[in-house]
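Single-structure report; data block below.
To keep things simple, chains are lettered A, B, C, D, E and F as they appear, and every chain counts its residues starting from 1.
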Amino acid sequence: MNEILKANLLSPIALAFALGIVTKLIRSEFSLPKDIYTGLSVYLLFALGIKGGVELGHAQFASVIWPVGATLLLGCITPLTAYGTLRYLGRFSVADAAGIAAHYGSVSAVTYIAATTFVKGMGAEPEGFMPTLLTLLESPGIHIALALGAIKTASADRDIKHVLHEVLTARTMVLLVGGLLIGFLMGEKNWGSIEGFFDSKGPIFKGVLTVFLLEMGIVAGSRLGDLKKVGPFLLAFGMLMPLVHGALGAWLGTLAGLSVGGATVLGTMAASASYIAAPPAVRVTLPDANPTYYLTSSLAITFPFNILVGIPVYFQVAQWLHA
Amino acid sequence: METVPLKLVTIVAEPVLEERLTGELRRLGARGWTVTESRGEGSRGIRASDIPGSGVRIETVVSATVADAILGHVARQYFPRYAVIAYVTTVDVVRGDKYV
Amino acid sequence: METVPLKLVTIVAEPVLEERLTGELRRLGARGWTVTESRGEGSRGIRASDIPGSGVRIETVVSATVADAILGHVARQYFPRYAVIAYVTTVDVVRGDKYV
Amino acid sequence: METVPLKLVTIVAEPVLEERLTGELRRLGARGWTVTESRGEGSRGIRASDIPGSGVRIETVVSATVADAILGHVARQYFPRYAVIAYVTTVDVVRGDKYV
Amino acid sequence: MNEILKANLLSPIALAFALGIVTKLIRSEFSLPKDIYTGLSVYLLFALGIKGGVELGHAQFASVIWPVGATLLLGCITPLTAYGTLRYLGRFSVADAAGIAAHYGSVSAVTYIAATTFVKGMGAEPEGFMPTLLTLLESPGIHIALALGAIKTASADRDIKHVLHEVLTARTMVLLVGGLLIGFLMGEKNWGSIEGFFDSKGPIFKGVLTVFLLEMGIVAGSRLGDLKKVGPFLLAFGMLMPLVHGALGAWLGTLAGLSVGGATVLGTMAASASYIAAPPAVRVTLPDANPTYYLTSSLAITFPFNILVGIPVYFQVAQWLHA
Amino acid sequence: MNEILKANLLSPIALAFALGIVTKLIRSEFSLPKDIYTGLSVYLLFALGIKGGVELGHAQFASVIWPVGATLLLGCITPLTAYGTLRYLGRFSVADAAGIAAHYGSVSAVTYIAATTFVKGMGAEPEGFMPTLLTLLESPGIHIALALGAIKTASADRDIKHVLHEVLTARTMVLLVGGLLIGFLMGEKNWGSIEGFFDSKGPIFKGVLTVFLLEMGIVAGSRLGDLKKVGPFLLAFGMLMPLVHGALGAWLGTLAGLSVGGATVLGTMAASASYIAAPPAVRVTLPDANPTYYLTSSLAITFPFNILVGIPVYFQVAQWLHA
């Protein structure tokens, strides 16, 4: 375990992320321009999708169907476990509980990528169709949590349809789903001509990912100051909830027949919290939910926790389950 | 140069509200608007900057009655729960008749 | 703090016109200007956004007479065929004498 | 819609001054501000554009007395040696009491 | 023919372009940040120029002179054919006809790049000096059309000199001509040290091109709504005019001694319509020309038509002409 | 000598820089978007730091200590020589002299990178720990010159602490120092996985550097108009001061035991003038210093001089010193 943890902490992406946090701690004003940040994320997501599409071509239906089921199940369970914990144990308002749950019911693509890179480094190649699962886990959780909040509060002052459409057509979805289709359609020969650029095992992808995590560290670091404001419960929630969801995901993944690598990645997806698709959706649907709560917990607590500690743990768990 | 005195309404709000606000401006009678990206701080300062992009500054030249309707709408709909500021002033507009 | 009352002229126009407009402002007597990028909609809304970049918002603090000349020029030269809006208001300027 | 008449102070300055200025606005009594990126020219035009980024346009809605204090401060502190312009106008603000 | 068409439609760039259009059809708000879009185009144009310059070093004068003549000839003919068709068949106003003609008299660098990538994929390597021809075809057409419009309408309220200067010193020209010089001067050894980054046959170039076409698809897609506004004539014009110009270009290219690949690319250049250099030039010189007409026809009709259908057709034509 | 000069002038980066200047001379409006410019510089600095960190792992303390001393010594001497020359020979005001000295006392990372690329091309591999020296030379010069100016003028109307903090936590420092740590910690195996992206000898790094210098040329070119305003003294200063500092740096470097490559790079560092960290620091600390002076001399005179002529000269000097 210690070996694995150490290996992870000394990986370029973990170190870059740590550097980003330090950058904020020393009160530096440095950060990546917003457009560059967007550009890099477009590259990462698109590469992910295309590669996934190419490999999806090799997968047979039978092997995909169960993991798909497990993923959708996670999409329905995680927002509810999160909501229940926050509302009844944490005594959060309906709006706050639903708002935060929407984040934990969805997924962080960057955390997913970090997990994929990690397990590959550990020699546990995940199934090729994992990106497909990522796209499936993105939105259900947000929808369920928002619906929950909208029903329980009169305050959902905007037709939720519009919001769901925005989530479904957001950057992440377009690039992942679109990339999957492109990769699936173009075939091996074409893939060969662009593999050197998009391959998620190649140096360009890993290099861009490193730079991207530097910025993620800065973003997360700029929220550390809010940790005081969110109180001890949310602090604990931000680390324990991922462990629960991560173990659950790894377990369901294993049951569904995923390899150690695949189960680890699915676990990480379940454990991760969205901080791109969820925030604006929650902001407009549940204006009474305090953004400081959901942004700090997903960005400043759960994201770093997963990147630095969680992923190796879920990997360990997946190994036990497969033993 | 003869001009028409009209109202210039300025609204600074969270970016997530832009699409919604401009749509409502139209419905309330505005013939157009100009948006500029902004950042800022206020009483709920943190809020505004919580959602990346921090702020949009919407200006619209309208008649006094439309201005009143817009301010009222913003006050009711957004003030209680969003980071917003809204104010109005009088401006002399070229070909002002176009905007009423 | 004693200030000088002057005119603040605001022109929102298509980006392709920026260089031209600022040059003409100088010629008409403006001592300076401030430009901010903008986007927006209007009666010919589509036009403005047709050319990427959509809009520039030009502000210039000038004397009443210069303001009048600028508005007249914009009305004649650009209103008929470009996506433009222009209005003026009175502002109290620090060291205002600098700008007349 | 009942509103409160307040002062809208606009300061266009070199980007290097932004952090400093906003801090001083707070100290002088402003409850918030809105910043937009800008570029421009003036008497010392070249200066402003010398430091990349060229300009920031800071707006703050404040009471008359605070406005006066701000303008005075800017005139003393920055006018002599920096590229700055500052002016004030009256605006009717929604829930204006919030900003005084 | 079908084979070729299919091969083209399943290429990464065609698929990415299609994805971009779909992105708009599902009313997604996703698009590449403007600065990233600019950055990518700078890379593509600069790489094109440098590579072209390196290969220009190998070409001998004799082989270049005729193609150059053919290109300049196309630069003078295409704006006139376009103007005549629009003015007398289409009954467009002088301003509108001249405005649109300025676009079809010039060239779309992205379409050029797509054609080059396509013929290389087909094993028909185009001449190394093609980028030189691209630079020659960029501006004459715009100048001729604008002059035409300016003369025939009193409304050219701006000294045309200034506009022409802007066209001649625009991004495309600086990067292509500048790149050509750099590539020509630095020599093989230096080229070797940066080839891995700039080579237009390499994965980085093709990968960037794929991302770029995704954005182009979004841009084109955002204009589809205007198709109704432009009427059936312009719709037909946007597809038939390219076919005429494309065949003409391929024919003149073949006469000038270009290979199948070269003739295809020259044909594509002639068939393509500018949407970067032309629009602002037309906007300021012919304000009475309706932007909806020239932007929609060049971006939403002709560009997609060439990318998806035109290029393979011009290739086919070039093959016939060489048979 | 001529050979070396020619080789340098025909290098992609020198040619790209020249193209940038020409771009301005023909009054083109083209320039790289500010955010792209920032993004590229982030990549270059980060890559530099990481690579340096990896190689720092191989260096033994003894070999580093003397060069470090030489670097710090240069950091203290160069601002003073610059100040003295400007104040007493050039008769500049205290503020102007101190303001300009702050730029020449610090270092231009791009010039450093160009020097590194140049000597590597010449087969004179510099020591692996050079990036470490770069970070050491960045700030002392600025601090000393500003302190000098602040003491000698009452006008330092801002607590200098704040300014120094900004310099120490600026982009360059974060990326270089942070990169060094990351490279040092992650070890060979991890480096292998991202080397293809970050390696400063690889095509990506050199390609990005080429694009970056194109923009630098545009920035420098846009200041050429101010050359008239700065007068003959500053013009001469901008070329002679670097020669003095360059020779001094090469000499101290050689004494400290650096190789020809290392001594050349250290000389170039000393000869270069900062135009990123210094300007804002000077602007807020010494508002009476005329920005036209310090920006024009560092950007439009010294930077081009070093890129086109200086570096080969310092290399020559270093060779003599080692002969």
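Note that a residue touches a chain if its C-beta (ideal position, glycine included) is under 8 Å from a C-beta of that chain, and two chains touch if they have at least 3 such contacts.
No experiment lies behind these values; they were computed from the predicted model shown.
Student: Supply the minimal count of touching-chain steps required to go from subunit B to subunit F.
Tutor: 2
Student: Where the centre means the average of the CA atoms, what chain is farthest from subunit A?
Tutor: If we average the C-alpha coordinates per chain, C ends up farthest from subunit A.
Student: Cα centroid separation between subunit A and subunit F, in whole Å?
Tutor: Once rounded, the distance between the two centres reads 40 Å.
Student: How many Å are there between the centre of subunit C and the centre of subunit D, using C-alpha atoms for each centre?
Tutor: It comes to 20 Å between the two C-alpha centres.
Student: Distance between subunit A and subunit B based on Cα centroids, please, to the nearest Å.
Tutor: The answer is 36 Å.
Student: Could you list which residues of subunit C touch at least two other chains?
Tutor: 36-37, 89, in rising order.
Student: In subunit E, what residues contact two or more other chains?
Tutor: Residues 33-36, 39, 204 of subunit E each touch two or more of the other chains.
Student: State which pairs of chains touch, listing all of them.
Tutor: Chain-chain contacts present: A-B, A-E, A-F, B-C, B-D, C-D, C-E, D-F, E-F.
Student: Sort out for me which residues of subunit D touch subunit F in the complex.
Tutor: That would be residues 14, 16-17, 20, 46-47, 50-53, 77, 81-82 of subunit D.
Student: Write out the stretch or stretches of subunit B touching subunit C in their complex.
Tutor: So the residues of subunit B touching subunit C come out as 1, 3, 6, 8, 22, 31-37, 61, 89-96, 98-99.
Student: Provide the residue numbers of subunit F that touch subunit E in the complex, in ascending order.
Tutor: Counting only subunit F, the residues touching subunit E are 10-12, 15-16, 19, 22-23, 26-30, 32-36, 39, 121, 202-204, 206-208, 210-211, 214.
Student: Can you tell me which positions in subunit E touch subunit F when the two form their complex?
Tutor: Of all residues in subunit E, those touching subunit F are 33-36, 38-39, 42-43, 46, 50, 165-166, 169-171, 173-175, 178, 181-182, 185-187, 190, 193-198, 204.
Student: Applying the document's contact rule, which stretches of subunit C touch subunit B when the two form their complex?
Tutor: Residue positions touching the partner: 10, 12, 36-43, 45, 55, 57, 68-69, 71-72, 74-75, 79, 85-89.
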